């Protein structure tokens, strides 16, 4: 079984710019993370965009959908900012592709050392290989179907509607 | 959905004794790890033993089996040393309990900072919630059924027979 | 020999707010850092303020000076944001107190895991115990006298005039 | 001012062998550490040996002494295992070279993430640039002269005689 990973940015991949103190994107850390995780599963990782999910447009979501539809793999993990992860899940979910698509992200950048990203990505890897076709959000050690999830912005957690 | 976690020790939970330079077990780090992972799934974590898996006896495997059989949950994650993880999986697998049991571990202690443990535990969480009843090993980003897996000791990886 | 530590904030002590993605101050991490460093030197640590050094006013510098002058110890380490560390060093240096005062900071927050803060604080501890009376900046593994140092903002490094 | 660094091994540079669970030496991490510390001081780093200090022989101490004597720099930092750091300091101290030599090490390997090594190395950098000629041990945030220090093996700390 091979899986496809699409990276779109989000907190997961943010870095700290030590010259001006801002947060920014350079490259995705996915290969570094999967090497750390001794991952031996076949995978192809593609960066679709590297943006904050608050800046994600309908056009960006269209790009994500096109890539999910056209790629050869039917097991897909998408790394995504948490703020609009649910919106992207809904866009993908309504299309009812015959694929298992799992969106995940992080509350703390991977590079900051105490990130939830490594655990979340592991969960997403597990869910994407074992869940039936559908679109899911994998956060907080759980999975949610695309049509029954929201981010509780106060707590920084995902929950059912 | 609630899951049960049984901890048995292994590299995952080893620590460095700075006085004599040896590796040893103190407590499991599972709660610390799941807090880092912002895990909000209901779980109960129980330490069965804290040993190197090379020291695991048939009696220890009996304890693991009894606990799997008697616990209320039918989704179980077991943290275990990698050296004899397959043997324990076989003991549990032959019993054909109507439960999903996923064994996982680490090649590098969690406390050493660059451990695969956080990713592996995430994978095990994903698999345990989504795979059908059976006994599985979750390592290297993949899952293996209990009767088709071995540890390649030279590479430090798991593979099919 | 006892030393005094005054904390004023700066990148050193910044944390990541996972709810809104901003950087903020909670508490100083100095005690945590010195515990990690197995520090057994007698020290007293006092938080004077917890601010970005770009926001530091003359009044704040007055507070820093008063505290340096009045404390019992004549070996002082000040943690400070790098952007105006030189200005504070000049304020303190012109006063010519009969004390050894060493300012240090970090380019990366201590909590982000790959910080220079631990090394810089070690350097400042060494310099503060061994240099003659005077005011110094300890950054980049070196020390600079207060009247012969500037921050090269492009490189994020300190250098002589 | 340029300093010389001699690496001899010790806990500081130990790594975890994930295949057999042992601790071993590969290379020194000194360049990686000084890059993390944004060190811009001129330095030359030379590996003399990579051994546990319990295995250090008189011949090894002779090599260390020869290198200290013959190198061009008169500011020297030596990374060393803590168990026999004092013995090496005594060998070097009795020779009364007209140089400032600072020995340091770590209780936890640098690669294990929560090491005191980065702080200790910072202290050693500070002391080596600011103390008068002599031989010193820099541990626990302090410095000790070579003829007035011992390791308290029970506490894992250095103290005066």
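The letters A, B, C and D name the chains in turn, as written, and every chain counts its residues from 1.
Convention: a contact is a pair of C-beta atoms (placed from the backbone, for glycine too) under 8 Å apart; a residue touches a chain by one contact, two chains touch by 3 or more.
Computed from a predicted model, the values in this text were never measured in an experiment.
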Between chain B and chain C, the fewest steps along chains that touch one another: 2
Numbering shared by both copies at the chain C-chain A contact, with half separating same from different: same
Centroid comparison with chain C (C-alpha atoms), farthest chain: B
B-D compared against C-D, more contacting pairs: C-D
Centre distance in Å when chain C and chain D are each reduced to the mean of their C-alpha atoms: 25
Chain B and chain D, separation of their C-alpha mean positions in angstrom: 39
Chain B, residues touching no fewer than two other chains: 107, 114, 156
Complete list of chain pairs which touch one another: A-B, A-C, B-D, C-D
Parts of chain C lying in touch with chain A, wherever the complex brings them together: 11, 16, 18-19, 21, 23, 107-109, 111-114, 153-154, 156
Residues of chain B touching chain A in the complex: 33-34, 36-41, 43, 107, 114-116, 118-131, 138-143, 156-158
